[in-house]
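We just call them A, B and C in the order they show up, numbering each chain from 1.
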Amino acid sequence: MARVSETSGAMVMGWVEMALRTEVLIIGGGATGAGISRDLALRGIPSLLVEKGDFTSGASGRNQGLLHSGARYAVNDPEAARECIAENRILRRIAPHCIEATGGLFVSLPEDGHEYRADFIRACAAAGIETEPLTAREVLSMEPKLSPRLIGAVQVPDGAIDPFTLVVENVRDAESRGARFLLHTEVTDLIRDGRRIAGARAKDRITGEAITIAAPWVINATGAWANEILRPVGLQIGIALSKGSMLITNTRLSERVINRCRPPASGDIIVPNDTVSILGTTSLRTEDLEQQEVTPEEVSFLVEELAWMIPAVKEERFTRAYAGVRPLVQSAATGDDREISRGFVLIDHGSRDGMEGLITITGGKLITYRLMAERTVDFICTKMGLHVPCLTHLQPLPGAGRGHTFQDRLLRLRHQIPASRSELLCDCELVPRETVDAILREGRVRELQDILHRTRLAKGTCQGGFCVYRLLGVLNERRKEEGLGSSNPMLRAFLEERWKGIRPVLWGISVKEEELIESIYKGLFNLTPQEAGPAEGDRP
Amino acid sequence: MMHAADTPTLPKNLPDLCVRCATCMAVCPVSRVTPLFPGPKQAGPGAQRFRSASQVSVDDWIELCTACRLCDTVCPAGVPISELNLMAKAKYRDERGGTLRDWLLVRSDRFGELFSRFSAIVNPLMKQRAVRWLLDKALGIDRRRELPAFDSPTFRRWFRNRPVAADAASRPTIAYFYGCFTNTNDVDVGKAAVVCLEAHGYTVSVPHQRCCGIPRLGVGDLRGAREMGLRNLSLLLPKVREGTDIVFSSTSCGMMLRHEYGPLLDLPGAEELATHLFDICAFLLRLQEEKQAPLSYRRLEAKAAYFTPCHLRSLNEGLPALELLRLVPGLDVRLIEAECCGLGGLYGFKKEKYAITAEVGKDLAKEVARMKPDVILTDCEGCRMQIRHLTGMRVLHPLQLLRDALPPADTPADIGAVPNRSPA
Amino acid sequence: MKRWDLIVIGAGLAGLTAARTAVDMGAQVLVVGRGMGSLALFGNTIDVLGRIKPAEDMEAGVAGWIAAHPEHPYARTGWPGISEALDAFRDLFPPPYTFDAVGGGNSLVPTGAGTLRPTYLLPVTMAAGAGISAADTLIVGLKGFKDFQGDTVSLHLQCRGVNLSLPRYGLEGLTALGLARLMDEVPFRESLGEAIRRQMAGEQRIGLPAVLGLTAPAEVLRTLEAVTRAKVFEIPMLPPSIPGTRMFHRFRQHLIARGATFLLGNPVTGADVKEGRCEEVILQNPPLLNHHRADRYILATGRFLGGGLQAGMEKISEPLFHLPVHQPDRRGKWFGERFFQTEAHPIHCAGIVTDADLRPIDAGGKAVLKNVWVAGSILAHHQMIDEHSHQGIDIATGYLAARRALAS
């Protein structure tokens, strides 16, 4: 895919340089990498982060967006539970604008029984997680869509978190303190200097340009991709890859996070997320990191399972399905991935493999990203002989004062949009053109998907059917000045990417939507599989 | 007396039905003239995804929806868009309370009866610039908008005082829902309705009735609308249970009584009423079509233009008035190809909305200017007011013209020919 | 209760064509549409069969297509049937707003994505778009009008493009309908023409979004061409479609003038079928169920979008008469792995199979209903999106269905 614009490309610092030097090289632009970057910056240590895609392209952007209270782990993994609730409280303080404090419910169906519920409440108390038992009647008045069969529920401080904003805010803060970032840059190899790692070789995935980065410390924060980084230098760690598939509804199903009050299993969490709800998840062993298609069986499984908690799930309109890959740290061989610790590991390859200067941090959960960063940076500081305390749990993220509800977008329809004469690019998610203009001014975006990551564009009912055409028009205003060609290849690529998410949920009303979108792009606009010749009519 | 559930809940997931196709954007009269209203696609199912019962409303632009319901009639997915808008308006009003203006305007039925009694004083007053200026400044009722004159006596009083035909008891009975405006401001429409029904051999009864509640619905006062609905049901259902059908001459009243009491307001007995409630022109047309020997209308040489009220479209029974008018020999009647007069009932009286209603109405006025008819006919009092305002022309209910075309023998002598109402 | 000669279910182009054909034969017709139908979405030009190359003869092209696709709806009509139906369609649009084939066969017209699309009949407002060249064309976008991106069009066509705003009129945020309404005003289109003229650099053709007036498109075209002294054409864009809305209004006007009754906004949810005949259909008009009777019925309810077909989690069904639906054997096979692929997604071939007279038949080839005919995109064995045949199928089968129905 072509660059979005010349100017934005040039504004990615360092992109035109061939050789770079930094103190700490962070590989991976997920929550962990971004957290490490900020932690280092707050302690005054220079760093450079390289990410092969955009921020949160991996598991950080492909999860349920659940701000765990820890309750889910209270019975089986008290340590994880304690970590979660501690981080939950920290995040509410430092990143309130990335969180919707919805609260969560653990609902018990007759088959789940009262016994587990009692254990659950005890375990939560032991982990320091506040609980409030609710009667069936109370729960149903709070969440009327829940199954009338339920026998009760326990309220816990679960919530919803927006991983992308969280990561971007970490990046923003780190950048203002001198940290650097390279997106769409893939590490191809680590540079060895005897028994030491001295940096990495990388490639700009858009321009193909090769970059050498010299760094005394390299942190492998690539999560599920950890072994991909280690393999070229002959190292390996014990992680299992688990694919989790999720479904997105068109409208919110519930106001709170809904969990099943039973030992953690597949298909038992519903998380409200902005205008929608995310239903999840499955847990399947996988080897392939890149091809993560959601199968019809997984879709049927999720619908069946979650309908036990909210029967309306069976009639729900889904707009998209997606999957992420969790890196699970293997401590002991066991059959069920949910039995493997969801905790994280920090591996010093110096002491483990005799390869100094290289650290791998993996496993864990989105909610513990900050703690993982803290531990990593603590370790590096010790190695460096520095005694600087961590500040990330105290210092709020830059946008923390900003109000944030999705209703603000609705509010803007009356006042801001008519006043600024701004076009509403996305009718479903109410994204005005000025949001896109601001992102373009920021200068980090290099391809269409980067813009889509940074907004709610294409995340609503029609999944970009109308707004991406409009977005490309906005981009073309600049592209034209730069002498770039047709944007239709970008449009085709978008529609192909969109298809991956939509195809698994095509039945019912979604099929109508597809007929509309296909009629527009293949019918009215005559877009064909390849750039076609004039006979079928692309270019005169 | 209120029903247990004050705010009826909609069936689940109505926004899910929407496929974002934008057909509604091809008809919405408001979004075609102003970018301030985002149009049905956004205001209805689009915004609904952002609304939550537990959150305070933020979308006050929902007030700009006139509730013409044209969007409902074109949606290929069956999304009840205007219903979503009404619910949103109602929530907004619940949170912030109604205005004095709304309080006064929705009570035009009560004030109407009073004003009608003193029409000799009230009518000239309302034409006074100072009075209109005051209403504009104090209440936000736009001074450019003529206030309808009051008739005296009211339709009810006129009806009560007229002699009963000797054979009245032997004829089948039909009940007539005349509506507030006919009662106090357009009595002649009521008279014409009675004459036309009698010409077909019916005895007309006029049951006690209250405002149908559509003005309250329009300002988001669902509670008030339900109250009016419950009263009307208690007044009208006994008639229905006696075996009497009811006709209405105002398409807005009819739409409210027949299609909002049940599906939207969930009033008990609404369905029973709906099955016995007919648009008067549809009723007369059916008599013409089904009777062995239909009435043959007198020749009337005139060029008439017929306008379809939006609420007739949502009644969805075609254009019965136009079809009836076509039975009048010599009458050249054509359909005005324009959508929505723009008034939106009380909406058009509000100062901040005047510009929108005027702009919407332009299309209709342009079409009328092109057609150059002698008279304009339409079933809705709001449309009649607006078209008079826009064109200065003679605008009648179709029944008023049909009455003039009735064969003489069938016209009871005690009524005589009532002159057509001309604009003030 | 009134008994109609014909009830047409569906107010898309197929249903409107059927109704119009029937009223012109003197029948008493009732049209019932759940909504406004596909015209308001995709009605721009009349596609008949885009697979036929522009220079090719349509008759030979269609004949060849039918030979290769014997189950295609066109096999029921043949080229003579298509041609007769199209002539009737064109009669509905007398000058100045006419529909014509440019150069006798298919022509390529620019779209809102800057691509060219093969089509057969063009409204007069689009005719000049056929056969444009990059050098002689200026694409004019309107600032703040999001459903037509002029830069996208001009970039792809590699021609010059400008985006205009007319400060006096405040175009930003206006909808297609709002713009079309302004175009109907002479002073507006004159000032737009002037603004375009100032931007021209020797171009002979001007491409604009398809909003050139709702009531007087030909007059709008005339004004713009007079002021710019260039050929002006409309470019089809994202829905809603103004040209399609014009078509819809024209049909409705004609039907009402000829005494047809037009019911819009409620779905037909039930049919009373006795001994293979439909006795009445039931229109859901909450809280009422309105019963309507006719001697004959035409089912023209469209595909999934129109509600003619329904996709459950496992099966595709026809919800009104529960007609047998030809379809792939399971959901996994409905759609291909890629959005763009050489073959159309298998689901597009699903639909109702009929006999030669367009009466629905079962898998054994036996007529299911004696007085019901099927028209338009709900029919099986076509790929209207990929083969660019949507309007052609609607018009040809709508016309044929009405003729056959009234002949019975």
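Methods note: a residue touches a chain if its C-beta (ideal position, glycine included) is under 8 Å from a C-beta of that chain, and two chains touch if they have at least 3 such contacts.
This is a predicted model, so every value here is computed, not measured.
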Chain closest to the assembly centre - both centres taken as Cα means: C
Chain at maximum distance from chain A, centres defined as averaged CA atoms: B
Chain B and chain C, separation of their C-alpha mean positions in angstrom: 34
Distance from chain B to chain A - Cα centre to Cα centre, in angstrom: 53
Chain centre separation in whole Å, for chain C relative to chain A (CA means): 42
Touching two or more other chains - residues of chain A: 418, 424, 466, 512, 516
Two or more partner chains touched - positions in chain B: 19, 21-22, 35, 77
Chain C: positions in contact with at least two other chains: 41, 172-173, 238-239, 305
Sites on chain C touched by chain B in the complex: 2, 34-38, 40-41, 172-178, 181, 215, 238-242, 245, 249, 253, 256-257, 259, 261-267, 283, 285-288, 290, 302, 305-307
Sites on chain B touched by chain C in the complex: 19, 21-23, 25-28, 31-33, 35, 39, 72-78, 258-259, 262-263, 270-271, 274-275, 286, 289-290, 313-314, 316-319, 322-323, 326, 335, 337, 363, 367
Of all residues in chain A, those that touch chain C in their complex: 296, 417-418, 421, 423-425, 433, 466, 469-470, 472-474, 476-477, 479-480, 484-488, 491-492, 495-496, 498-499, 503, 506-508, 511-512, 514-516, 518-529, 534-540
Partner chain A, residues of chain C touching it in the complex: 41-42, 44, 50, 53-54, 108, 111-118, 132-134, 141, 144-147, 149-152, 154-158, 161, 163, 170, 172-173, 236, 238-239, 303-305, 311-313, 331-332, 334-335, 337-342, 345, 347, 384-386, 388, 390
Touching residues on chain B, where the partner in the complex is chain A: 12-13, 15-22, 35-36, 38, 41-42, 45-52, 54-55, 58-61, 77
